[in-house]
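Shared between the two complexes below is chain A, which has chain B as its partner in the first and chain C in the second.
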Partner chain A sequence: MSTKLHIVSAVQLREGCWHRDGRAVTEWRQNESLAAWLSDQYRQLNMAYPKFFKMDSLCKLATLAVEVLVGDETPVNPQQTGILVFNRTSSIVSDCAHQELISDSVNPLPSPAVFVYTLPNIMLGEIAIRYRLSGENLCVISDVARPEEIFMHAELMAASGMTELILGWVDVIDQQARAWMLRVKKHDGETNNSQLSTQLIKDIDNIPTWTHSLKS
Partner chain B sequence: MPKGVVVTGMGVVTCLGFGVEENLLALKSGRHGIAPPELLRTFHHEMPLGEVRADRGELISRSGPTHPPFWSRTALIALIAAREALQMAQITPNHLTGLMNGTTVGGMDRTEDFYPGFMENERHGHMREVFNHDCGGTSEQLAEELGVRGFLASINTACSSSVNTIMLAARMIRAGRIKNAIAGGADGLSRFTLNGFNSLMILDKELCRPFDQSRKGLNLGEGAAYVVLETEEDALKSGKRILARVSGYANTNDAHHQTASSPDGTGARMAMEEALKEGGLRPADIDHINAHGTATPNNDETEAAAIRTVFASSPPVTSTKSFTGHTLGAAGAVESVFSILSIGERMMFPTLRLENPLSEHPLTYVTSPENRTVNHVLSNSFGFGGNCSSIIFSRP
Partner chain C sequence: MDALIEKLKGEIIQQLNLEEMTTADIDTDAPLFMEGLGLDSIDALELIVLLERNYGIKLEDPKAGKDVFHSVRTMAEYIQSRQEA
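Take a look at the complex of A and B:
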């Protein structure tokens, strides 16, 4: 049995703005920091989701990517929608924040609001909460994207009953951000969309990491 | 026709001891391993921990890695447990086609030792101490030391990490992508974890009491556990002893909150239902449940609610975290090993200190070691981020 996986849409973070299916959907604007840039992008996307502001930068970036990807077209079968996210730098932004809080020699004071984000798979939880998705979810830490491996995980998820996948790569470290996201559907018949393949993953993974700076 | 996947070897290190035998002895005799901190340097003396009773030097001499300075506590206990699993399975590492490792803190303990001195003086310490800080580094050094050259993966889905590694390995074998694999996970205790969990206010200063009305929270533990998985066909051909079949598994997201479970345990319920479906089993087929059972008010109540929904009549439920504490990234694999032991030993291990079970969702609990033939055992592991996994092991 072979089920084909087709890409419904593709999102990339390129030079500080979001692109969906090759077209820019937000614009780059001058911001003080990556954190300010994230808020600015949130506003550009007209999201009404206050929980966004409680998240760390990694989860914010992931949430923005999925927002651009999914928009109003939330998956019709939330129980059969899988989330598969790859990442290289884990939850380093929050790990450092937590470490700083507990290393204070005078008053070590860990914060639960920071600690909850010291796991990269909290991204998956945030995506699941935002779009009410309860299918299978997996976060894979990898130094580089290996298209064969990404493709294999996607196929395994589809084989285990997921009819749709949110599949991507999200990294935040210091002022650097990297994200791409694919919406993939299982399809048996003919379709005009492109088929998920290792070559396609290679292509989308090809965009460079974006470093926030004051100039574009 | 998908291939049947079986377990032919397992290894475990927890506060109960080194190896399957020592752990089994403690479980059978109802002797837990949770005590005030002795090895972790922390000012939280009031927090009981399930520490592996060996300092760094002893762990190194027990495991004998090639370059000890690069090895963290997590990696050292991982190596000991992985070696035991491989030995039991009588498999040489160069015949292994996969290693899947779950961990949440990786080499954090070494990093914590390294930084205070380094921050004072940049010439202090060696970078090799933090070289394998990240989760992937731990998996890679483990694979290299063991000589496993096939597929390598690190999974961190918090407290469900290592059950997800077993699930990944089983699926890849079933799909014919790899022949066999060693899968499991490890987490050594660190101040990072202890302080973090303390800030969430889900630690108990007393010994934890899973499913008890008086439960206040969990005790942290550390540990490592691995299983060797191969196809039933290969195992039968080589005449190996098969410890258990992996008959069903599933992973879902609770989609409710970063750290808390939904009131009715939706994610947990779906994971158990899907695992049963995958295994072609009915709820009545399950003889025993090794629960996630962390002893936090939220987990135990929502897990009990979910079990009640799936099982019209509750199979005997236990939480072996009352023996080991919560070993986080290792918990799923540790409890998989204990579940497989329940099958082999025909014994259900008790939940210690359970006096007044929570009343809202009544379940049947194991409160003293019980001799009983266990044919199908379901083990739950739930992680922060809403990650819920269930796995079913069956008598071969």
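Take a look at the complex of A and C:
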């Protein structure tokens, strides 16, 4: 395969705040829960997107990551912008919330608003809605971030006509969040493909897997 | 009726995760869907669950939903009429 890809921007959740291309764009503030922290980060980013509050914590985290990554620079070709997100713990937070509701001994009623988030690929939909992206999308559940595997999927998407990819890792479990996100584009230059591939893999490999865990 | 309307507004905010709203932000007579609060189809299902969970009322005729969920006031009137029945 000879697709040329390169990273144009990178976002990481590190030490309780978002960093874009190595620079902190939000600040860490003590919050009583992950939910409160997510709301605080939303407000710091001045998002003005009420739908955010209807999302579960996984989708909120993914939306925040992409907001930091994309900002006002929305993809030029939304139909050719793919979304590729990796995740280890699936939608466990919403799965548990749903299980708790339907196991209630007094009133075992499911909540439609909780139930719709009991699949991890819903975060792709939330990202697509927010940025009006209609390209290919794929959610992969994997134990660890294997750069070769990530690149293989990215390359396949690019080969299927995507000129740009939003690619990352988003996980929420209990009060812990983990996320990084990359903006990857097809390369127009004459750079050697294998070098680009190697660099992309190296960059992904070097992204710290810091986990945001709230202090009690 | 005023007390029920106020209570209902609080429940709607909580049930639908309208985190940035207060009861004062909700117009009692404004349409809940499309305009007004701009609720969607999932919210409609949540409102049906809210009626059942909080008031023990099952909406048996789906066609009635459009009128019942037109506004907070129509919801409150429906609850009151079912409780009096």
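Note that in this section the second predicted complex is superposed on the first by the 188 of 216 C-alpha atoms of A that agree within 3 Å, B and C clash if a C-alpha of one lies under 4 Å from a C-alpha of the other, contacts with A are read in each partner's own complex, and residues count from 1 in each chain.
As a convention for this text, a contact is a pair of C-beta atoms (placed from the backbone, for glycine too) under 8 Å apart; a residue touches a chain by one contact, two chains touch by 3 or more.
Note that this is a predicted model, so its numbers are computed, not measured.
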| item | value |
| --- | --- |
| Overlay on chain A: chain C relative to chain B, clash or fit | fit |
| Chain B versus chain C as contact partner of A:Asp72, first or second or both or neither | neither |
| Computed vertex angle (chain A) for partners chain B and chain C, CA, steps of 10° | 80 |
| First, second, both or neither for A:Leu124, with chain B first and chain C second | first |
| Which superposed partner A:Glu148 touches (first chain B, second chain C, both, neither) | neither |
| Residues of chain A touched, compared between chain B and chain C (which is higher) | B |
| Touched partner set for A:Pro50, first chain B, second chain C, both or neither | second |
| Which superposed partner A:Ser39 touches (first chain B, second chain C, both, neither) | second |
| Partner chain in contact with A:Arg132 - chain B first, chain C second, else both or neither | first |
| Contacts of A:Ser111 with chain B and chain C, given as first, second, both or neither | both |
| Lowest inter-chain C-alpha distance for chain C and chain B in the superposed arrangement, angstrom | 6 |
| Chain B and chain C contact sites that coincide on chain A, given as residue numbers | 110-112, 116 |
| Residues of chain A touching chain C in the complex | 39, 50, 53-54, 107, 109-113, 116 |
| List of chain B residues in touch with chain A within their complex | 104, 115, 134-136, 153-158, 164, 168, 171-172, 175, 177, 191-192, 195-201, 250-259, 266-267, 270, 274, 278, 383-387 |
| Chain A residues within the chain B interface of the complex | 78-79, 83, 90, 95, 98-99, 102-103, 108, 110-112, 115-126, 128-129, 132-143, 149, 152, 156, 159-161 |
| Touching residues on chain C, where the partner in the complex is chain A | 15-20, 38, 42-43, 45-46, 49, 52-53 |
